[in-house]
Amino acid sequence: MSRRSLTRFVALAAIVSLFGTCGAFAPAQAAEQVIKIGTELPTSGGDASNGIPTQNGAQLAVDEANLHAPAGFRFQLDPLDDAVGGIHNPQQGATNIRSLAADAAVMGVVGPFNSNVAAAEIPVSNETGLPLISPSNTNPTLTKTSKYRTSHPSEITYFRVCATDDVQGKAGAQFAKQLGFKKVYIIDDNETYGLGLANVFDADFKSEGGSVLGHDHVTANQQDFKALLTKVSATHPDAIYYGGVTVTGGGLIRQQMGSSGMDPTKVPFEGGDGISDDEFLKVAGPAANNSYYTVAAPDAEKSASAQAFIKAYKAKFHSDIGAYSANGYVAAQVIIGAVDKAIKENGGKAPTRAQVLKTIQSTKDFKSIIGSFGFDKNGDTTSPVISLWKINGGKQVFVRQINVSAGG
Amino acid sequence: MPNWRKFRPVDWALLVIAMFMPFLPLVDHNGGHLTVLVNAGVYMMLAIGLNIVVGFAGLLDLGYAAFFAIGSYTYAMVASPQFGLHFSFWPMVLMSAFVAALFGIILGAPTLRLRGDYLAIVTLGFGEIVPQTFLNLQKFTGGPNGISAIDQPKLFGYHFGLNPLPYYYLVLVLLAVSLFLANNLRTSRLGRAWMAIREDEIAAAHMGINTTTTKLAAFSLGASFSGLSGVVNASLLTLVSPDQFKFNVSITVLSMLVLGGMGSLPGVVIGSAALSILNFWLLPEANNLAAMVGVHIDFTQYKFMLYGIILVVVMLFKPEGLYGSEQRKAELKERGTSVAAEENAEYEEMPRETVL
Amino acid sequence: MELFIQQVINGLSLGGIYALIALGYTMVYGIIELINFAHGDVYTLGSFFSLAIIGLLDASGELKGWPLFGVLALTVVGAMVLCGLVGVLLERLAYRRLRNAPRLAPLITAIGASFILENIMQLWKGPSPIPFPSVVPNVVWSFHGVNLASNELLVVLAALGLMTILQIFIYNTKLGKAMRATAQDRDAAQLMGININMTIALTFFIGSALAGVGGFVSGVYYGSTWFYNGFEAGLKAFTAAVLGGIGNVAGAMLGGFVIGMIESLTAGFISDQWATVAVFVLLVLVLIFRPSGLLGEVLPDKV
Amino acid sequence: MSFFALKNVTKTFGGLVAVKEVSYEIEQGHIAAMIGPNGAGKSTAFNLVTGLYVPTAGEIEFDGRSIAGNKPDYVCKLGVARTFQNIRLFAFMSAVENVMAGCHVRMSAMLWDSLLHTGRQKREERAVREKALDLLRFVSLDRYADDFAHNLPYGFQRRLEIARALASDPKLLLLDEPAAGMNPREKEDLMTLIRKIRDRGITVFLIEHDMGLVMNISEKIAVLDHGEKIAEGTPAQVRNDAKVIEAYLGKTA
């Protein structure tokens, strides 16, 4: 083959593959027996440590559901990844939701994991009527305002089984007060989740009577926090509160405190569930000790009903559960429960997405390994639970948990 | 009017595909697939714009995503609850293109006198500053949350909503217009001036070509295309946030150009189509296939590695790209010491005051 | 005032790292007029190689005296050699073929090479920051509320020391003279019997080896490393090289310290979130108003 | 004011004086030359005229105005075109495109016309292509209109560069060593061509090493040595000037 004809061949191959794509885009031959539960989580790169354990939880729920699935039906997980280059990406998320919505077999989706991804996905979910249950989105505005429900402002299609940041931030502020912090310095990673959480903490800690010495935002991909920490150190805080996740700076900030004039054993570190991952222990090293954090979910290990889940999880995935594995599991269960109910109502015939959505909307007293809960008029859990943790001896230690539903 | 006799088989194939594209939604109703195609179209428009800067005028712009951001934010700020403004989509398409072009001039005017590689770094710096500034200016841009609930276009009373179908046609039309305009530019007085500057800047200046304004025209026209795509992108996604406009967007678009062939419009189309298919379809599909046989490899993770390989391998072995113009091929293959190149370097080293 | 001095110390240490990277940029640019975009990633590789060597030697911070010194020497030399080889390999595979092509071409392959290296590192050590063992004992001295850590001293001394050695090498050795001759006029140098390919490869080796030291030092200084560090650090170091006057070794050093200082002072006294922006704004301003840099001479005209 | 004049022009680079207080006047319609040994500052003088360099001191007059310090594109617009010592064609554009690029400065298509290919633009493009082909015919290169400039033989490239320069409708044409690398036959042709250009009413100012050619066609010659003008006059005057002989042959001669 000459060089020129090789060129042509390559170009033609590209075009053929374009046609191939078109072919592949033709509607899949829907095997009527399959009911799909989508997951839409970041499962590659740095975010995989969050996404994979959550996806595993959902996988487990699907596996269990298949043990006693309604006759003629089989559940199947359809896992999609919203990480691009290792970081969760709203655009990818929205595209994923749209492809899931286009597949009639998908009855509901567990996800997304990150709040900024949710902001791009809720409008699509709202338009297509595809139920979305997030195991972990904690940004309050996602549900509490209708601004993301662009097509049908009064229709709720997005739900979450975790407590929101206003609850978590408040719990964090109370926790801080109980720990005896009077003056804190707040740092956040300038991302949707981190900034939101830090702002709530900021306001609540002040209203609890504490004083905030300063509030700074860091930049993504930063390695050097010494200048910032030197500035923080000069204000002599009782503790540093960090709104954000480990990868965007949580781990490194804690680790660099020691070399910036603050002894980590004397100046505690507090954060939200963003630093609840094992990465934090690794990156911060010995400095991780004397840190505290809140998680917008109960500690599954403490709940008797969750023991079976934990055992099954370990058996299947050969690893410990993640902070949101149980939530992923429960979110999938909610969808599966709604599907079961719809099939029953239809007399054994396939359910419609609208039916499933309706059932999910009216979820009440759903018994689960994270307690019994329902969804309120915005799609939020009626039983938000916050668990408080600390890091001691290089391990994450559960302190206690609080149910904030009464307190509001 | 294209010269039919010069058509190569690939050109005919492209034409046939282009003819088929409007009918695709009749065959494929899958909204997910259409969304993928719309996204691919947005990237193709970006590639057409960057091609004007890099391919036609030979200026390496590594911060192209910044203009994409500016276009997106322009529309987002005036068509969302952010400031309670709800400007109509259609004039804003032009307006955003204009604003992006304006920023092209603002950035270009002081920097285009720089030698080529410095320009690349300055644009890269600009590409880093813009999203960071949007992130920091919370009051105007919503900070990390970005701006959400962006309005969708209406046409003769028909509300686009979030249904990808009308966007699909919108993008097709915009693509056709973009290609038409880009091709016109290429075969015009301005296009010839760009080519001349790319070949030998000093000679071009002596032929009466004002190199500064000519380069500026490339920069701002290129930027205006990203403004267009920004508006479409913002309205379909209903959300703009700073993290959508990082360096990897600029590199993705550059890889499309390099793969297809810098300076060649069919090349740009082929390159951006190929990488979009790879991105949105081939890699995720490969994941699923691997998962089916029980292998859990995340192919999407290797995407940027692949881009890196494309950039290196194509530049080394086929610098004109899969479908480059003959001219570009000869130009980039040039071995041995080219007098013009040497003298250009010399010229660039001249003391400031003596340079144009 | 204490705070200001403390931030200056922070800035100098940060600047020392930028300076070590900037030396490589400036050398390579000086000789073949290429912005070796992958250079920042070679720096990151330096910390990865150091990590691997420390792991092999199993030095977990318990060592003292000669064994410690031995481990450190081995680590630094190992990282230097490995990074140097990567640099040479880069030049051979990605740049040499394009030496006479339009400038755009090698710059694009350099960007590609950078992406490839980043991804290799991500595959190697994962996508998250990795802790770097504290092999060098860190002593903190306090004077009147200002702390000076031995690690900070280490960074600055490493940068100054290596720059001095490099200066001596370039101006007083045969190989150094060959490098300068090649930089000035490649064809003439070749006519004088200088092996151009060898000389360019040597430049890449030395520049990359210095980045390797930078990687090691930054690992020690920050106690962590990350596959993506090189991107921004590289960009800032390039800014430093341009600020100092590209091709000028002492200028790269000066530029590094200035950039480090600007970043630290912005983060310390304005806000951390504007620090990066400040550096890039400076880059744009320098390129526009003084492209020859602080110490760069206006190049002699070749008429 | 004269048609073209260098008046006490000086250019220094750092400490080096490349051109020192050179004055030289050329009348419209003449062929004038500047000669001198290598490094005498001839090309620098050209670069000063076309605006590549800004004179350190002195004035350059052209067509009734002072042009010193103007940018090359503006100088070209005023009617000064040039060729280069080392040919600087647009190597990978066809011969006809090279000449069309040369027409750039005399074209009026605006951005809008370029974008939309308006009727005006189309008419202009057609006219410019015709003009370019005419010029190629003028330098006897019309057969190579569609070849890359890069692929033409050396002597052809020199002629193409002249055609490109003529495309900007200059009043003054600067030729920088046009005969370099040509064989006697080609030099003959070149002389004819230069005369034909002059006959079109274009003033020609050339730098040349080839004495035969210069003495043959120039009406006036200036001699530069070490940046200074050491002689000026008709070919006959210059040939017999003692300083010139000394500069070319050395003092001992």
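Each chain carries a letter (A, B, C and D) given by its place in the written order, and its residues are counted from 1.
Throughout what follows, contacts are C-beta pairs under 8 Å (C-beta built on N, C-alpha and C of every residue); 3 or more make two chains touch, one makes a residue touch a chain.
What you are looking at is a predicted structure, and each value in this text was computed from that prediction instead of being measured.
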> Which chain wins if you rank chains by how close their C-alpha centre is to the centre of all protein C-alpha atoms?
Replying inline: B
> Where are there more C-beta contacts: B-D or A-C?
Replying inline: B-D
> If every chain is reduced to the average of its C-alpha atoms, which one ends up farthest from subunit A?
Replying inline: D
> In angstrom, rounded to a whole number, how far apart do the mean CA points of subunit A and subunit C lie?
Replying inline: 39
> Any idea how many Å lie between the Cα centroids of subunit C and subunit D?
Replying inline: 48
> Taking each chain's centre as the mean position of its Cα atoms, how many Å separate subunit A from subunit D?
Replying inline: 71
> What are the residues of subunit D that contact at least two other chains?
Replying inline: 13
> Of all residues in subunit C, which are in touch with two or more distinct other chains?
Replying inline: 122, 231, 273, 276, 298, 301
> Which residues belonging to subunit A are in contact with no fewer than two other chains?
Replying inline: 45, 48, 86, 190, 217, 219
> What residues on subunit A touch subunit C, complex-wise?
Replying inline: 45-46, 48-49, 86, 190, 216-219, 221-228, 230-231, 234, 246-247, 251-252, 255-256, 259, 261, 279, 282-283, 285
> Taking the complex as given, what residues does subunit B use to touch subunit A?
Replying inline: 8-10, 13-14, 17, 24, 27-33, 35-36, 39, 81, 132, 135-136, 143-146, 148-149, 152, 161-164, 233, 237-239, 241, 243-244, 248, 270, 273-274, 277, 280-282, 284-285, 287, 298, 300-301, 303-304, 322-323
> Once bound in the complex, which stretches of subunit B touch subunit D?
Replying inline: 181, 184-185, 187-193, 195-196, 199-200, 202-211, 217, 327-328, 330-331, 334, 338-340, 343, 347, 351, 353-354, 356
>> Under the definition above, what is the set of subunit A residues touching subunit B in their complex?
In response: 7-8, 10-12, 14-15, 17-19, 21-22, 24-27, 43-45, 48, 80-81, 83-87, 89-91, 94-95, 98-103, 116, 119-120, 123-124, 127-128, 139, 141, 147-148, 150-151, 190-192, 194-196, 217, 219-220
> In their complex, what parts of subunit C are in touch with subunit A?
Replying inline: 2-3, 6-7, 10-11, 13-14, 122, 127-131, 138, 147, 149, 151, 218, 222-224, 226, 228-229, 231-233, 263-269, 271-273, 275-276
